[in-house]
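Next up, some structures in structure tokens.
Two complexes come next, and they have one chain in common, chain A, joined by chain B in the first and chain C in the second.
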Partner chain A sequence: MRPRLWVLVLVALACALGLANTACEDITARTIVVWHAYRGDEERAIEELASRFEKAHPGTLVELLAVPFEAYPAKLEAAAPHGHGPDVFIDTHGRLGAYRREHVVAPTPPDVADPAQYDTIALDAVSEGGRLFAVPLSTKCVALYYDVDLLPEPPATLEDLVAAKLPEGTLPLAYEANSAYFHAALLSAFGGRLLDDHGAFAFDSDAGVRSLELVHELTAKHAIPAEPSGALVTQLFASKQAAAVIGGPWLRSDLGDKVRYRVAPLPKIARSGELMRPLLTVEGAMLTPHGATRPLAVDFVQFLGSKEAAIVLATVGHQVVARRDAWTDPALAGDPVLGAFHDAVRSSVPMSSSTRMQAAWVPANEAIEKALRGEDPRAALAEARRRFDDATKPPPPPSSPTPALVVLGLVLLAASIQIARRTRLADVKASLPAYRYTAHAVLVVLVLVVVPLLAGAATSLFAGSRDDMRYVGFANYVAILTARGGALLGHGSFYLTLLVTVLWTLLNVTLHVAIGVALGVLLSRPLLKLRAAYRALLVLPWAVPSYVTALAWKGMFHRQFGAVNALLGLVGVHPISWFSRFSTALTANVTTNVWLGFPFMMVVTIGALTSIPKEVLEAAEVDGATRWQRFWRVTLPLLRPALLPAVVLGGIWTFNMFNVVFLVSGGEPDGETDILVSEAYRWAFTRDAQYGYAAAYAVLIFGLLWLITRATRKWQGAGT
Partner chain B sequence: MERLSEHEKRRAAERADEASPASAPKVAMRCEARGVHKAFGGTQVLRGVDLSVPDGGFAVLVGSSGCGKSTLLRSIAGLETVDAGSIHLAGRDVTRLAPRDRDIAMVFQSYALYPHLSVRDNLAFGLKLRGVARGEIEARVREVSQMLGLEALLDRLPKQLSGGQRQRVAMGRAIARRPTMFLFDEPLSNLDAALRAEVRVDIRRLHDRLHATTVYVTHDQVEAMTLADTLWVMNKGLVEQSGPPLEVYERPRTRFVATFLGSPAMNLLDAKLVRKGAGAWLAEGADLAVPLDAERFGSSLTEGREVTVGVRPHDLCVAQQGTTELGEIVVEVVEALGFESYVHGWARQAGPSIVMRLDTAAGSVRVGERVKLAAAPDKVHLFDRATGAALTS
Partner chain C sequence: MTSLLRKIEPLLVHLAVLVALAFALYPILWVLSTALSAGGLGAHSGAIPRPHDVTLDNFRTVVGTDRVGGTALFGRQVLSSIVVSLATAVVGVVIATPAAYALARFRFVGARTGERALLATQMFPAVASAVPLYLILDALHLLDTRLGLVLVYASTAVPFAIFQLRGAFETIPVDLEEAAMVDGATRGQAFVRVVLPAARPAIAVTALFCFMSAWNEFILAATLLSRESAFTLPVVLQRYVGEHDAAWGPFAAGAILVSLPVMIFFYVAQRQLVSGLTAGGVKG
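And now, the complex of A and B:
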């Protein structure tokens, strides 16, 4: 195009952008951004409220964004402190501690919420240091759903429920017994707590021991299902295989009309004489610091806390609202399930919003799992305390970065001198056109690969959780390599995990290669009919996303309802509890990963086989080789050059195979099947964001794999 | 230069070997194929082939591409199964046996050396498989490498060898096995011309020394002529003629065999038989009149019979005083090869091209010249125009 036309186009573009910008600014002034983690009915409720607000305030736009629950904190913490992100967001009170620390939430302005209008217990949950940080919207706790066909009356005690007369094969109760969240209710009946007021681990008390003994008994008596999960207990209740289920308001939409049920607050436990008190989570509308400065956003929060909004939340979203006067409304009064949950709230215990709560779940869950398997509860709880303390250990003191910076400076200096010495200006000038071609690719690789790598490596030199990162030099590496002061091969130690990872990798790669090569050779023999069909069938494991496959296999290995035990039962094998022993859990993981991985080897083999000339194999045949000898002495050695890179790649991928280990065994039993990469994950995301520590793990993994690859190269080079 | 020294080396080795009994000839065996039929998919490749090779004989299967010679060889080896017919080795019916049980060794066109094994291991492969003792293996490998001049190459990999060296390793691999029969599948076609000529001689020399029954497949008629004890000319799945090479060359029984052997190919002329008097017959066509030996053809000579006349270029000469003229050709092209020339010309403008060999010593012709042709009557061949079969008495 001619230059003049270029100028015109650019000017037009600039005008358009300018207009759009001003328009945007206008809109932005009248828009409130609201984040929430709702789905289904609850999402419809909030949308209804948003449109009502827009009608009441013409010209305003309420922009709703549904964010997945797990990603919520990360997104908020990335955006809010810098003035981006939402003005208003709806979240649980449990995260308030972290949000305050991260300056994600601002105190609710006075006069926005009249304390008299809300349930006290909800207000307490969203207040800290006497100040309100959210307008409480709904309260969530679990209660007892019971099938009225099987249990005409709600049981007075847990023991009554267990002893109830039920049809053959029906469980009295189904609930997620292995989750500390649910177990907290039983624990409270014995007078125990997960954390005390100072944020210290409190589960390992006599109350804790008694509660664990009770759960073990229930499982042994087959009063509750083994290896429960949310999906399983829901399905058991919905198919009338369980007479009662402990669940929250969210269960309603899953149950629908399948069962005739009623809800009642959790009963007492006769053994202790006390009520089971579930944990309470309060959802509230919170303002970001940025949003608190905008009157429109404050108005919206006030509207959300109004009686009108509470009625919508209760009728459309089926939420147990915290607003007192909403319950007088006939719509709410006529919903017995909602009313039952409201009753249950009265006997609930608000969950601690301490940041240390995050670190308590995993050790508590692990202790419960052990107790369910029949191990000594006291020892399990003592171990849980040890792990909690270990996870919440304060980071090492900061050290001075000066020596590292000096060294880095020297290294860079030396490198620049070397480069300056080696390059000649004439060479650079001659290569200039080439640099123009490669510059953008190099840039992309730098930004997408090298920079994150270096950033990760740099992170490993820091310790502490998100807001408290301090430079500690190599302290993280020292901690990892000394197994954090504990036994070298103790639980969670780097070396033990390394051994498990190596074992995991060796087993998998051996099986991958053996099965892949065998099938590859079989499929390339011309005698096999329907070759194309076989090939498609075998590549299927490869094409299905590994996430899906892992979850499917996990279901198949379920002790009670899984396909594997069912098939084994056909040949008379006793049902195996796959995830209660290291050997069987590892077998389950290996089976899944081999299923996922052998097609790769098979395809590589088939490709490599086509490069073996037919005449060489014929010559071997004439020379006197049997089919096996031809394979072993001719085919296999000729496959080696192609297989070796595949084996190296496969080895690296298996070494870092997070999906399968995390999704199938989840590290069970008790973290024993965790590999290095899933252990690193836990440090980053379940033990209070120890990013630096996890980064150090990652750097160590990288270093190990690099060394192994070099060793393999040497070995390969020596072989040719 | 390198070849020369290898040549000398081999001579020396042979002299040494002749003194030692290590390569004493093994008992050779007959090879027979009877009525072999083979089809691939819808194509019939062998239509009932009979082959017979005596103990220690050297049979060469020759023919153009697609005639079935390689298929026949592979059937003898056992690499292909036959649809009908049988294969017999040393009197045994081996039709159903796997190649490894037939005690044969094969040299492939592409040599098919084991790429991942050294020359030494390639030579020893078959022996190791059969559990031969280590000492024996070493002795044989040494013997074979001396025989073929491979001592310096024993530790190299096939990819580090030249074409000729690979060919020798392939032969060595076969020889080391001391089989009762050798099969060669166009082993020289991947070599350059000079090397081909040299290795050809080596193969014949080796055969004479080892006295092993050999079946050799080639499309090159020079190899066929020089190597064979018996030549088997194949065409479209059948054997057209078999016999000692010279016999097949001088007395071809079909037009195909006549034109296949001999280079340049035999001149063919469509002609009619004409009686010129008592016992004097001519074959007339394309402005040429070829005198015929009536005794030779006997009762096949009938007036007006449509035939094809064949005369090899080497059997045509410039008519001298007193010789019977066939006719005159106008010279179109002269190919001068040094010691001889090939003169191409036509008798009739639109007629076939006639090629004549001319000894350089005998003089030269120029393009455009008119040359009178003559041929000895006993060198003239007649074939039935329709069937291509040679006319005999």
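And now, the complex of A and C:
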């Protein structure tokens, strides 16, 4: 016991030290904090620029922070309004609409950037109402990469490319046909676009129908791969299974020197006679309101927009810079890939920076998926428009908070009277020793768990985005519970999603418990050889970060290139298109989640089994009970107290397990495999930041789970 | 018949475990083959995972040998991850154990309400509570500190830890403590000297759970921490996913590296699982 105790003390000390040295360093007046989401060569370029600026301004410190792309907007929107954010941040112009609304970005002072020095298209993208909100640094759009061994010349039209003579088994083209970002280029060749100038959905036009008919034709002819993803497209091109791919500058670093390729702007579509115009995003250096007040930060932004900086961004970071005069530099002029992308920018269409753009992606993607599966494009687009309009409906009118406050007051009063009547002082006094054991847990959970949750729940009574939150009473709840005026079991309705969620939870929990308990019991056999090794290996699905493994599973369920179909093929099963039907898509999700979750149940079982005194099990053996009887009559009942919390909480967590559904099926087909919590996340993060509506979903989920657990308790109580 | 069954039974058990092992490891072999492939390709190629152009470049990228000061930074981030996760395990268990003991052994006012409230916290999707949490930590001056992150993780893990430990305490016979108290120990001494050792397997499982919840969390760590050297490993890994594409090779390599300490931690923790009751000195 003694030595172990020492180890514990040492560990605790080490932890304490590790925690102690984290006190915030003083941010001096000569420090500029800069956030970005760059990695690889682009990160090296910004680091180089930071050190050059530090050299030019002695005593200055540029503190760079690389934030993961997925956490970037959330972190910025949490920090900047409270003065904790950066002085300068680099982001795409597409988010400017949201950032202006959240007061994350301030206008760039007019003398910082000389308009004559930048590409007009880039400058326009970062301006609004005659004011500049960023210094444009680089531009990104897609172009055509073609393998020069297979295609000596860039094709003049898409039709030429599809008809090109290629070796057996080589696809003419690979691109993410199921993504609206890529499809926008085809759409533009027919004269269409996703959003019009007023932020209304414009995909449901004749142009939209014709573009969808074209992609369906391409897939049916096997000219492009089915179920494409970024990783698949890269791999097909790198392994010469595709002669050309549509991709952005980012593809360059993934390809390395595996293929000999050139880049050209996207070709024309012969049947419309027009060029495919890709969507353009402009990356710019933006100032936070705090940063805009600091001359040093403004200087740094000005430096990032200079010719010198542009050359570093282009040569080190391989970026298509927006600064015009940088392109006369020999290093840039000698880079054909960069030059091709610069040409492609000229025929591109800047992405809308309206916050409504966010709400357009999911319906547009769903319409494209349907068309790829062969459904009627016109109906698919009409449905997409309905979903877009529904998600962007103006918030309900504000209502007076008085009735709710009165009700709340009365409820609180009644509750406190009830508590005061039921508890006697003597009981409380007798409870004092117990409170000594529980006080710290109560305090921590109250402050860091309950209060944030209650604050979250309170937002469900509000509507609109964060800066014009208005009180709307129970309007959000009414809208959800009436399926927003649609059919009660219609697409995406609360009740239909609830049924899917219940099915999802039951399947998962049953399999988790069955597999976990079975393995736990097997691995607790005292005489089993290699027991420790088995145990350590079987926790791996829990140990490896689930983001990677969930995506590995998604890849394994790919129709054409996935391992699951390859394995099934060995026993003669025809390839299954896993994500095109509800039943198979749910199977894929459940398989992944069972894989992720069984080790937890196994570990809990092993832990619980070791707590059971061996004498009890031995006594049953002496009684002559068979193994099977011993398991059901002795082991399982003894496991129950330890397993029950794991099963109840496991069920609750599965009910709210958003990641696996999001990463594996992504709701496919057509949102049918979405569960309630993914619906909540969609309202918060992909439908114009409607936090109030999302919070109402969360409260309803909470209410449902509460009722379900209460009902199970009652039912269990009656059973025993 | 039964004697034959008895003979082949160990074989059958091994067979069943091996099937489970195949299910558990197959997807990880895909991750491994992606990690070993140049350019990180290899997610889609038939039934057997095998890397293209085997290379350790992806591991080098993660460890940071291609950047000036990259290795030192990665080292500090590994340390940061271990410190945060171990501290979460310690703080979580220290907070949860006495509370769970009180729930298992005392009758007190508010016990049922507290228990229900704990369960309720797990039911609420945290969809709108990130900003309030941010403001609370700001008010406590714990923003951008590992201590703040540890407290958030530990308090989130406490409800499960309490339920798990209460279940374990309930399976321990009350006679043990009563015997100790008859011998002159106080309630607190009986708890520390008698009950805790007997509940060691459950405490190990709970510690593992707290450790894991901190080890794999990414979004709160990325939101609450603002210094690169304090970033935990999931935040570092998530950086390989960009707006338009993801660097799967380094991500997969990093995922493999990240899971190694967990296996070691588990391997050590499971010794606690084996010892169980007898090690607590409880006989008859």
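A few remarks follow.
Throughout what follows, the second predicted complex is superposed on the first by the 570 of 720 C-alpha atoms of A that agree within 3 Å, B and C clash if a C-alpha of one lies under 4 Å from a C-alpha of the other, contacts with A are read in each partner's own complex, and residues count from 1 in each chain.
Definition applied: a contact is a pair of C-beta atoms (placed from the backbone, for glycine too) under 8 Å apart; a residue touches a chain by one contact, two chains touch by 3 or more.
Keep in mind that this is a model prediction, so the values were computed, not measured.
In the overlay built on the shared chain, the residue A:A270 is in contact with neither chain B nor chain C. Legend: residue contacts after superposition of the two complexes on their common chain; A:L489 is shown touching neither chain B nor chain C. Greater residue coverage of chain A by touch, when chain B is weighed against chain C, goes to C.
Shared-chain residue A:V634: touches chain B; no touch with chain C. When the shared chain is aligned, chain B comes close enough to touch A:A625, but chain C does not. In the superposition on chain A, A:A66 makes contact with chain C only, while chain B stays out of contact range.
With both structures placed on the common chain, the touch criterion links A:Y681 to chain C but leaves chain B unconnected. Using the contact criterion defined above for the overlaid structures, shared-chain residue A:V616 touches chain B, although it does not reach chain C.
Once both structures are placed on chain A, chain A residues 613, 638 are touched by chain B and, in the other complex, by chain C. Contact residues on chain A toward chain B in their complex (touch as defined above): 613, 615-616, 618-626, 629, 633-634, 637-638, 640.
Across the complex, chain B meets chain A through its residues 77-79, 98-100, 104-106, 108-110, 112-116, 125-126, 129-130, 173, 177.
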